[in-house]
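Common to both upcoming complexes is chain A, partnered first by chain B, then by chain C.
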Partner chain A sequence: MPHRNPERSDLNAFFDPRSIAVIGSLKEGFFGGYVVIKSLLNAGFKGEIFPVNPSYKEIWGLKVYPSIKDVPQKIDLVLIITGARSVPGILRECIEKGVKAAIVVSDGFAERDEEGKRLQVEIVLIARQGNLRIIGPNTAGVANPSKGVIPNPYEMGYKKVKEGAIAICAQTGMINPQAFPYGDLGYGVSKICDFGNKADVDECDIMEYLENDPATKAIALYLESIKDGQRFLKVSKKVTSKKPVLILKSGRTEQGAHISASHTGSLAQDDRIFDAACRQSGVIRLNTFRELFELPKIFAYQPLPKGNRLGIITFTGAVGVLAIDEGAKYGLSVPLLSPGTRKKLDAIFPGLGKRIVDIGPPMAVVNDYMSIYSEILNTVTVDPCIDSILNVIWTGPSGEFMEEYLKIYRGLQGNRKPIASWVYGPRVHYVNEMTCQLEDMGFPVFPDIEMAIKALGKASQYAKTKGGNR
Partner chain B sequence: MPHRNPERSDLNAFFDPRSIAVIGSLKEGFFGGYVVIKSLLNAGFKGEIFPVNPSYKEIWGLKVYPSIKDVPQKIDLVLIITGARSVPGILRECIEKGVKAAIVVSDGFAERDEEGKRLQVEIVLIARQGNLRIIGPNTAGVANPSKGVIPNPYEMGYKKVKEGAIAICAQTGMINPQAFPYGDLGYGVSKICDFGNKADVDECDIMEYLENDPATKAIALYLESIKDGQRFLKVSKKVTSKKPVLILKSGRTEQGAHISASHTGSLAQDDRIFDAACRQSGVIRLNTFRELFELPKIFAYQPLPKGNRLGIITFTGAVGVLAIDEGAKYGLSVPLLSPGTRKKLDAIFPGLGKRIVDIGPPMAVVNDYMSIYSEILNTVTVDPCIDSILNVIWTGPSGEFMEEYLKIYRGLQGNRKPIASWVYGPRVHYVNEMTCQLEDMGFPVFPDIEMAIKALGKASQYAKTKGGNR
Partner chain C sequence: MKKSATIVQLKKEGRLILTEFESKKFLKRMGIPVVETRLANTQKEAVLLSRKIGFPVALKISSPEITHKTDSGGVRLSLNNMKEVKSAYHEITEGVLKQYPNASIQGVSVQKMAKPGTEVIVGTSKDPQFGPVIMFGLGGIFVEVLKDVSFRIIPLSRKDALEMIEEIKGYPLLQGYRGKESVDIPALTEIILKISRVMEEHPEIKELELNPIIAYKKGALAVDARIILEEKASL
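This part shows the complex of A and B:
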């Protein structure tokens, strides 16, 4: 099958449709069209919604149409949640109706059996002939929180996905709102997309779309396979020169690749080839599923570092030692602070540190600790000898410094060096509260010290490839 | 200085004293003797507490003694929180009084300057001559929750550290209760110990003590240096043959090692030598600070696997693929399930999987999902072709299955294969609730898929070195 070059307008119908038809099951439950419509209404989708099902008259206060042909208006996007065998016929009707974009949620295609593989080829042929794009099949769909486009087919238990600057796309529904607590996050996402079996729309199409999406500042992808290696290399090179692309790819091992093939019905490649492609194109490769949601934060919410010199502010020397070891993996060095900074720090509290600034000792003995803390932070962040900052915060037994901390960080907004924070303390509640508040202000907080360092290290490496490092 | 061979009774005074004297600052605040006594009282310490300070008469309803010599009873353990220069004199008085164990919380020793180094040598000489053991100086001390021995010098904001089977010891106070939310955990700890500068009691002393501590099933250590390489090799070999020892060691890089030396005043070794020592002695080496608190759970709360064959129960195929890749790092393989199991699973729901059991598809379409789930779990856990289980749980939008899940897992308690779980879902609250409840039952939950796999992988490797693997 020849590859179709996407036009941006094609994918735009998936993320910014004025009207959506939901075709198939409307049964009450936690999966299906019933939930899709509920999710759209909850998210405040402003466009029109047309449920399609011959057995219903009305749902969620909306008229239900027996067939898509009966819908009187133009339809930008359809979501199909029916048995796999009905999908080809429905797609033909959609094309007749002039629809240009279809999310096929239905499973039972290439991931299932031979019959499913045949069906998948059939729907792609229908789509190409009819100038229709497909996301899926076997997908949990997309989300664009800025437009209230959250047609989630699974109940998610919250109404809003916070709007932000990170696009998360994957060959699995594990990144869609029913699987990840976007409602409880401090940071926001620009677009979500589960490619499913990626019979038509694939990682390259999405990268090209997001390259030109002004809301997206960083792109995170989970892939089990690459559809077209040559195109991937070309597209990712182009996109990473504009925005960071972070990829977690599974199927690294032979057994993993084999299983991956049966999971989404796609072929996997030799991992070494993929690894070389990432290095060539400047793609940042991730190691764990959680990193997909964490590492992009440094790119989306903080400036790029101008070099590889890391400053450390911590309540404990151990974190400093760990950070130095970890930083070395990514080419970060922890330099002596400038003579001016060292002099200022010594005046604030003798022995605060020449390299790692350990604020534990003054904490235990100084009366007006918070004003000292503020001075330290403001002194270290402007030191000309450092390019990025690892910032460790102890929340204390009862969150007593929370307000003061937050005031100080408010004052740091708009600083020109990236700050990655790690928050710890004896009470989970205050750690979570501080994390959310800081992220809300645009200061990313990482779940581990090591991940905070990795974020700064990868930011430094990316800045260097973009020519931003000294 | 000659090495002193510890006797178990020595360290026992640190963890199970009948009487504790707290010498030094009693000023109200979040650090010092005032907090130590409050922590002991909160934890329900049953022994006697003797505050010592010439400027106070009474604190927390307890009589304060001007000097330790004025205390009429025998004292098992002293905690010293004074300026560094007062410590030698106080230790001499303690020895005169017959005290055998001292925790020197005070800082300003080898980690500070030349004068501090000299003082540290002096206190060690005094201690050895007087047959007294020292933990510290520059330490946040110890904890033994089973005896209410939580003399924490920093305010921690909660009263109880849950009693359990994991000992966590470190060359930093980052593992003590003011830094880690032991009060909010689902699992418990047996002993906590910050060695501080480890002028006397060191990693080997602690390992030997914990080897014979019946409450401890797994030992987690954070180290920045090894005091005596030969002894470490000998002791760790002996201890790992009885209980797993998991070590995170920093100072891997040259710069890290250099900084480490200034942090706790101890010398670091070449990391490659340490790595070789770990391989020789069967020590499990950790990579991140968080793993210190997470990986021991599989050893403390689950049986060891009899082999390297991993079974996977998941709501999503992607986790299966990631797990296979990750498992390969630790020699885990994901085999075909036995014909009997496959037949049973197919009868429960067609296409449930031959290798990875993907319970996502039945979830979306079956009415009585929970009874099916129970059957699946019980079938897979007894399959003769697998030795350990990765168990992925989706908590759902409103925790609606929580009670039923928990009932099913209650039925699995006492099963003979290790189960490592990963819990995810759209609401942080339910994920946390499920995590705590499961850990309370003895089923460890890991924060990442990859860490769950690593836990099972390390358990399999450890079992093999102990001769437990087939």
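This part shows the complex of A and C:
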């Protein structure tokens, strides 16, 4: 098989194409070319869309072409949603037409059977010879919300993915818009990519592309396998020196690894070796699917901490103690506040200047609570003995203090120390509302204390070992 | 690529496993501290060598066909004088000949008995995805039962080497505990780095194991070693 040209890591045509051809079924439904075009139009894609299908004349007000050869203009990207057997022929036509990028949504390749494996080798061969790059096969594709590039083959139920600084890429469509409520989140994403069977474009290509993508500040990856270990080590070391890379890798157990191998047609691996590779290259390893969406937030939206000293502001001592226990797992320590800060806090309310700043007692008795809250938060934030802050917010039974909280946080924008927040209260509605509004302002809110602490802990570790252990 | 005479010779013979003596000779040339080991072909030579090396010594059978030296009665430890060496040599050669009448015997290796210390292991293998990887652990039950080992991918930096030592759960045992002194961690780091270099420079090596290495307050010494070559190593 011809070797990949190492210089060709530029995947721009996938994420910022000026024209997209959609090849395959245009039948109305929840899946297929019909949905791809609808998603692109909804997301406000400004480039040209060329539906290709011999049985249609028009769809969504667009002219349909019988074949790729009949499209008069240049095509930057094609999406192929046909039976696996017809993919090689279509790719040859694309290459003739000068196409450089193809997303092969079709399944039935290496993940299916021997014949599928053979087909996958064949399409890679065709692509390499024709200087065409493939994402997939067996993929839900990509998204670049900043350009309205959301060629989603599955109905997503909302129009826009919020634009942001986190890139989420995976060996599954579970991260694509039809599976995750990107429309309702407070934070946004820069790029989404499901690399499916990663017959051609793999985790290293994506990392190299995102390394130089100015919109991406943190890279989150879900992997079932590593295609080329030595290259992975080299590339991830280089990328983590610029941006954090967070990886969730499955196949930790022997059975998991075995099933994964048959599921995406990739090789099983010793998990301890992958763990060593992460340690050596400065990759942050994740444990749960939830973390894939949560932990990158601290990196994308807050500054890196300068050290491991954590400050805690909470409503109850219990949360503070839990946070201390959790922080120890990641090397975070909760120090005594500086004498100046302690004095200031004690002046605000007697006994407030403790290691854990517990605002429960003053809240119960002070009338103008919010005015002292603002002072407390600001005082702790600037303490020279603190590198990062966990702030616990309580939203009352009727959404009390929401406006005031937001005002105080607005005043903290541009802060030099990372703040992780946890919001709780008796009404889910207000908790969600507060979470969304804070994240919209760039302050990550975590679903529980443990996750908030883990985010700060990982940020502190990353700041120390940025780019691996050199 | 440096080529080792031992390895070239081995390939000629169609062998893939180096004997302990050959492994140590090779590793010593690579700058790894190994316990002084010589090869004796006669009983008389064994006695002479033991006197030269200094008592106590250990005698071990050296044969490419016998990989489990202890099980085959091919090992005698802590020999304190010429008389003990003489009878040990006799017992080893007689016993092995009885069990393995067709084995080709290189001789009997005479080695200095290393002073007791803390036993550790360094090993390498090849991962199908990442290539050569190195493993570190505490010897004995720690590695066999508790699987308390750490891994890194070759090549590794000095910091990686130090971290893989610190990463094992038994690390406090190396730092010294209950009045016991700390072992020479820089010396262990150096061995790990040298082994990493050996694996880089010798792609023909498939697996390598120093088990045990005895670590002291000052220095560390590989007492036993094993090297296995790749089947399709190009020379």
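Note that the second predicted complex is superposed on the first by the 455 of 470 C-alpha atoms of A that agree within 3 Å, B and C clash if a C-alpha of one lies under 4 Å from a C-alpha of the other, contacts with A are read in each partner's own complex, and residues count from 1 in each chain.
Keep in mind that, in the parts below, contacts are C-beta pairs under 8 Å (C-beta built on N, C-alpha and C of every residue); 3 or more make two chains touch, one makes a residue touch a chain.
Just so we're clear, the structure is a prediction, and the values are computed from it rather than from any experiment.
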| item | value |
| --- | --- |
| Broader residue contact with chain A after superposition on the shared chain, chain B or chain C | B |
| Touched partner set for A:V124, first chain B, second chain C, both or neither | neither |
| Touched partner set for A:S250, first chain B, second chain C, both or neither | first |
| First, second, both or neither for A:V382, with chain B first and chain C second | neither |
| First, second, both or neither for A:L62, with chain B first and chain C second | neither |
| Which superposed partner A:A276 touches (first chain B, second chain C, both, neither) | second |
| Partner chain(s) touched by A:D228 [first = chain B, second = chain C, both, neither] | second |
| Partner chain(s) touched by A:R355 [first = chain B, second = chain C, both, neither] | first |
| Chain B and chain C footprints on chain A, overlapping residues | none |
| Chain C-touching residues of chain A, taken from the complex the two chains share | 226, 228-230, 232-233, 267, 269-270, 272-273, 275-277, 279-280, 469-470 |
| Chain A contact footprint on chain B (complex, rising order) | 30-31, 107, 111-112, 154-158, 170-174, 177-184, 222, 224, 250-253, 255-256, 259-260, 263-264, 287-290, 316-322, 324-325, 328, 333-334, 351, 355-356, 361, 363-365, 394, 396-398, 424-429, 431-432, 447-450 |
| Contact set on chain C toward chain A in their complex | 127-131, 133, 150-153, 156-157, 159-160, 163-164 |
